[in-house]
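Here it is, the structure, as structure tokens.
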Amino acid sequence: MEVTKEIAEQYLLQMYQIRVFEEQAEKSYMAGKIHGTMHLSIGQEASAVGSVSALGPKDLILSTHRGHGHCIAKGADLKLMMAEFYGKANGYCRGRGGSMHIADVASGNLGANGVVGGGIPMAVGVGLGLKMQNEGKILLSFFGDGAASTGAFHESMTLSVLYQVPVVYVCENNQYAMSFPSNKWTTSEGLASFAACYGMPGKSVDGNDLLAVLEATEEAVEHVRNGNGPALVVCDTYRWRGHSKSDRNRYRSQEEIDAWKEKDPIERFKNHMIEKKTLTIDDIEKIKAQADADIENARLFAESSPDPDVSTLEEGVYAPW
Amino acid sequence: MVREITYLEAVREAMTQEMERDPKVFLIGEDVGLYGGAFQVSYGMLEKFGPERIVDTPITELGIAGAATGAALVGMRPIAEIMFMDFTTLASEQLVNQAAKLRFMFGGRATDPMVLRTPAGSGTGAAEHHSQSFENWFVHVPGLKVVMPTTPYDVKGLLIESIRDDNPVVFIEHKLLYKSKGPVPEEMYTIPLGKADVKRAGRDLTIVATGVMVQRSLAAADQLAQEGIDIEIVDPRTLRPLDTETIIASVKKTGKVLIVHEAVKTGGFGGELAAVIAESEAFGYLEAPILRLAGKEVPIPYNRNLEYHAVPQVENIIEKARELAQLKV
Amino acid sequence: MEVTKEIAEQYLLQMYQIRVFEEQAEKSYMAGKIHGTMHLSIGQEASAVGSVSALGPKDLILSTHRGHGHCIAKGADLKLMMAEFYGKANGYCRGRGGSMHIADVASGNLGANGVVGGGIPMAVGVGLGLKMQNEGKILLSFFGDGAASTGAFHESMTLSVLYQVPVVYVCENNQYAMSFPSNKWTTSEGLASFAACYGMPGKSVDGNDLLAVLEATEEAVEHVRNGNGPALVVCDTYRWRGHSKSDRNRYRSQEEIDAWKEKDPIERFKNHMIEKKTLTIDDIEKIKAQADADIENARLFAESSPDPDVSTLEEGVYAPW
Amino acid sequence: MVREITYLEAVREAMTQEMERDPKVFLIGEDVGLYGGAFQVSYGMLEKFGPERIVDTPITELGIAGAATGAALVGMRPIAEIMFMDFTTLASEQLVNQAAKLRFMFGGRATDPMVLRTPAGSGTGAAEHHSQSFENWFVHVPGLKVVMPTTPYDVKGLLIESIRDDNPVVFIEHKLLYKSKGPVPEEMYTIPLGKADVKRAGRDLTIVATGVMVQRSLAAADQLAQEGIDIEIVDPRTLRPLDTETIIASVKKTGKVLIVHEAVKTGGFGGELAAVIAESEAFGYLEAPILRLAGKEVPIPYNRNLEYHAVPQVENIIEKARELAQLKV
């Protein structure tokens, strides 16, 4: 797959933004400026950027608890995102949702989700709605290997195929559901093979290879956009960080983590672009600097933003509002 | 004279008229199409609206609730049917964690105008797994509205209003009421959510009843009237938001209150009603303890007699109301 | 597969008992002596008797809302069963459960279930328990094609394979879940093919051929009893009656019903046994007469049994009792 | 002096000692093994008991509840862990329709001795999907017992008793209490289900509080004592069956009652408590309305301040209790 310089820059910028954003979020958390918990996707950037890049601007995504990458790939405003991490009044959710619930329905991001598998049943409904509205929009619905074991997955796949909804399902198999190794019950190929049982195309792909993810998702998008019903793409990848802030990494070895770090999706894309002579080292440094600056701006914005007024606590539960 | 139709027909008419008016409305659930729904509520609607808008599903309660939640999120107005309220236990994740919270959790950037309809209650001999009443589960969830109509007239007005409401609404029907008849205008009309209805005015004591217990309380009141006991009956109709004003006003007037519902007493909506009264200004007007008459502390049994005695019947209401009328603190 | 005369008589007797029992229940219902609803399995007798016959006497079953056949195949006392249909105090459930909840835990019938898919998650637990108790017992867990679309199915299959529980799953695909045709989302072969995704053997079989069902289930039982984890058998069959007492049969044609009646599992077994000279017409008439008498006894017992005392209503919710 | 351990250690010790005593007991849930559970409750137990008795599951809440229900049905004594109470919405079908009803529905021919443990409550910044309190859902279900301990001592005695109980028990832990310390004997002991505990004796008013609100109420009472307001605090500990006797006796003594819980007020357990009091003989002793202080009518928000103000804090209890102390009908 060939990409232009402009496109390559965009992909790389988004991957850097994800990485740097999460590194910053982690630092702010350590510094006590962000509370609660968060689920970092460092190491999985190619899966987010590669898959979302196969969409058109009017298409939609539904995300997960590990959704920062999806959100940024969908073009979120980093300032509003970071402000939400800080729980600020001008964050995406007015400080109500935090890291696990960022959404921007107007721009096509239908939201992250604190419930594993919580987005998949909604994807069916979104698909039904899009089909009835018939404006050519499609949905990309993310979920993890862990979510694939939930009943929600099975019911949703069954319904999706039955109604031939315009949904690309992207399963990010990062090898673990918290501490539970996915290979205890399946593999990326195994996950893809479920698709055939439901009656839709399914493909497993190297999730750390942005262009491979893009290509597989584009294929799925074409299938879906042509009215052939849903399709499944499984991205084989790995999270470098612990599951969340409470993780002590007891269930995996440093060697395993290191081996996957060798497969860093950002390094891989960089090297590939250098090899292809699409980007120079200089270009790349500029992009990285841009990402750093974007995140620093986001941080400054978040830190200088106001907290929500406690008097507004009970607002917004019901519409109208 | 206004035309009379059944409660069941009122549900169907509300859905039909609203679907004719608004192309965003559709119905999704198990066997809602050709079969017409387990209780024939949607019978004939498939022929009228086709399978794209009368959507049959396999057995996937979580999927049905999710489909409605998701479709509403992108601007549709789905009506989801869960065949028996007992199976909302399978759908509640989507309803409670997702639909109810989307708007608040996303800082107001989302709206989820869906209705989840489901028949509740016992009395059909269908036993433990097809007879439960979980309304208080959903009353307990901010972000949801909970409607529980008791007459054909209220069904039509409240269901149309629920469909038009921009929030997720749990609309609870009662199987035993499906065949009851009453006057219902043919044209569309709405009844605001959150408005109770005084189904009978009276002076001596107030009964606050829900679901089929409104009808049983009315029958009980008629009989007690012959003994000179004059009962006021308040039907909240919407349990969340609750019209506390009407309830409190009635209790202030009569000084005595009996709460009647079918759901199991412990942990039920009657507790909420009792608490709302006991913490209100009506407290000072109370001339007797606040009494509850509700489902026994058992699953609904199969045997006809046992089933009958598991929930309040007219004679139980009479007895309890009479006891209350005679009580003095 | 060869069967002795004695065995053939037993199978035929059980199939007749199921059929006659349900015909009687239907009559009693029409006469207003039984209330509520019921789900008749007439036409599916081979699936019940064939599969349960592959078990040993200490093995267990978990059944469904359409469970009368399973119950009789497992050796239920017809009198206690009929008394339960009549809601009597001496019925299997003391009149509390009715047709949809008959159980006899002591004899290995862990119960029918009013919730579609409600028994499947329990099967995992029963399997875990049996495995820990290590007495060589196995469980046969029934469910329908409709139940196979529930999330409960997916979670339970995943867990069953993971823990290698000693459970034979028997999916009775009678072509419909209420009015929903299973072929809108799968087939018997399709259902069996799910097994491979989970990592267990799965086989689809002509569910109206008792000996075919028996053979397939015996194979599955052997697999399971040898400690190889669960196995799935899908019986392709058909219910002659409506889904329940509220069914108007709008979703299927009389031709379809008639075509399946041609494949009557009882006729089929009878003819096969006559062909094989295992049974004579005379033998068969005696067996049928026996079944008729058994059910008539059950009816008389039920009708002459006492109703539960209303004063006992609140008993038995909690142990001890 | 009795040894002090944390609430969390008390949960672990109860499970460990009971597993050592009874080979039928095992633990099943997500990440309960190597990870030690999301809150480290079962940390170290895998090493002690091995993967056959500390059973890690994929993400399958319905499956977990079903596994426990089924295993109990054949004589095991499973402890199922649902990682956050929010996810009992996915498990409730098995718990409510199956486990709770098996015994009754099968006419007494089944026993289902399982425990479903789950941490509830807010205060950790985990927002809408990881902070809910659904105790009243399960209180509403005959066949279940519901335990909600508030001290390390109670945790140990009540959890051992719950495991030994022959019925399905929902055992609700509070995340914020996990690190609280208190005296706990090393030897095994049990506390009967259905016995409330008067956590503080007082004359002027009764607070009935559950979960973390017991601790907050104790803190409030200490401060109000300095103003001369003497508060009695009743901790029901078991919500179903409820020790109405102790509660009613306390209200009869003080004449005033404030109910405090974290769960959303509307439809919550406070309603049940209010109703039990308002329909009892204590009614005649009441010198003021029955007040409830409970969670606001919102999902639990993320922002620290908003989250803090979404549920009762010590200062809110002080304010409300003071108001009540001064009230006269």
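By written order: A, B, C and D. Residues from 1 in each chain.
Simple rule for what comes next: a contact is a pair of C-beta atoms (placed from the backbone, for glycine too) under 8 Å apart; a residue touches a chain by one contact, two chains touch by 3 or more.
Here the structure is a predicted model, which means the values were calculated and not measured.
Participant: Select the chain at the greatest separation from chain A, using centres from the mean of Cα atoms.
Facilitator: It is C.
Participant: Could you please state the distance in Å, as a whole number, between where the Cα atoms of chain A are centred and where those of chain B are centred?
Facilitator: Taking the average C-alpha coordinate of chain A and of chain B, the gap between them is 40 Å.
Participant: Please work out the Cα centroid separation of chain A and chain C, and write it as a whole number of Å.
Facilitator: One centre to the other, that is 46 Å.
Participant: Whole-Å distance, chain B centre to chain C centre, using C-alpha means?
Facilitator: Spacing between the chain centres: roughly 36 Å.
Participant: For chain A, give me the residues that contact two or more of the other chains.
Facilitator: 93, 95-97, 101, 113-115, 118, 149-152, 155, 158, 162, 184-185, 317
Participant: Do you know which chain B residues sit against two or more other chains?
Facilitator: Only 57-58, 60, 62-63, 86-87, 90, 93, 97, 104-105, 127-129, 142-143, 296-299, 301 qualify.
Participant: Name the graph shape formed by the protein chains and their touching pairs; answer line, ring, star, complete or other.
Facilitator: Graph shape, chains as nodes and touching pairs as edges: complete.
Participant: Within their complex, state which residues of chain A touch chain D.
Facilitator: Listed in rising order, the residues are 35-37, 84, 87-88, 93, 95-98, 100-101, 113-118, 146-147, 149-151, 177-180, 184-185, 246-248, 250-251, 307-308, 310, 313-314, 317.
Participant: Contact residues on chain D for chain B in the complex?
Facilitator: For this pair, the touching residues of chain D are 62, 86-87, 89-90, 92-93, 96-97, 100-101, 104-105, 127-129, 134, 136-143, 240, 242, 259, 263-264, 266-275, 277-280, 283-284, 286, 288-292, 296-299, 301, 329.
Participant: Which stretch or stretches of chain A touch chain C in the complex?
Facilitator: Those residues of chain A that touch chain C are 149-155, 158, 161-162, 184-186, 190, 193-194, 196-197, 199.
Participant: Which residues, counting only chain A, touch chain B once they are in their complex?
Facilitator: Against chain B, chain A makes touches at 60, 62, 91-97, 101, 103-106, 110-111, 113-115, 118, 120-130, 132-133, 151-152, 155-156, 158-159, 162-163, 316-321.
Participant: Mind pulling up the chain D residues that touch chain C in the complex?
Facilitator: Counting only chain D, the residues touching chain C are 26, 28, 52, 55, 57-58, 60, 62-63, 65-76, 78, 93-94, 97-98, 102-111, 113, 142-143, 145, 166-167.
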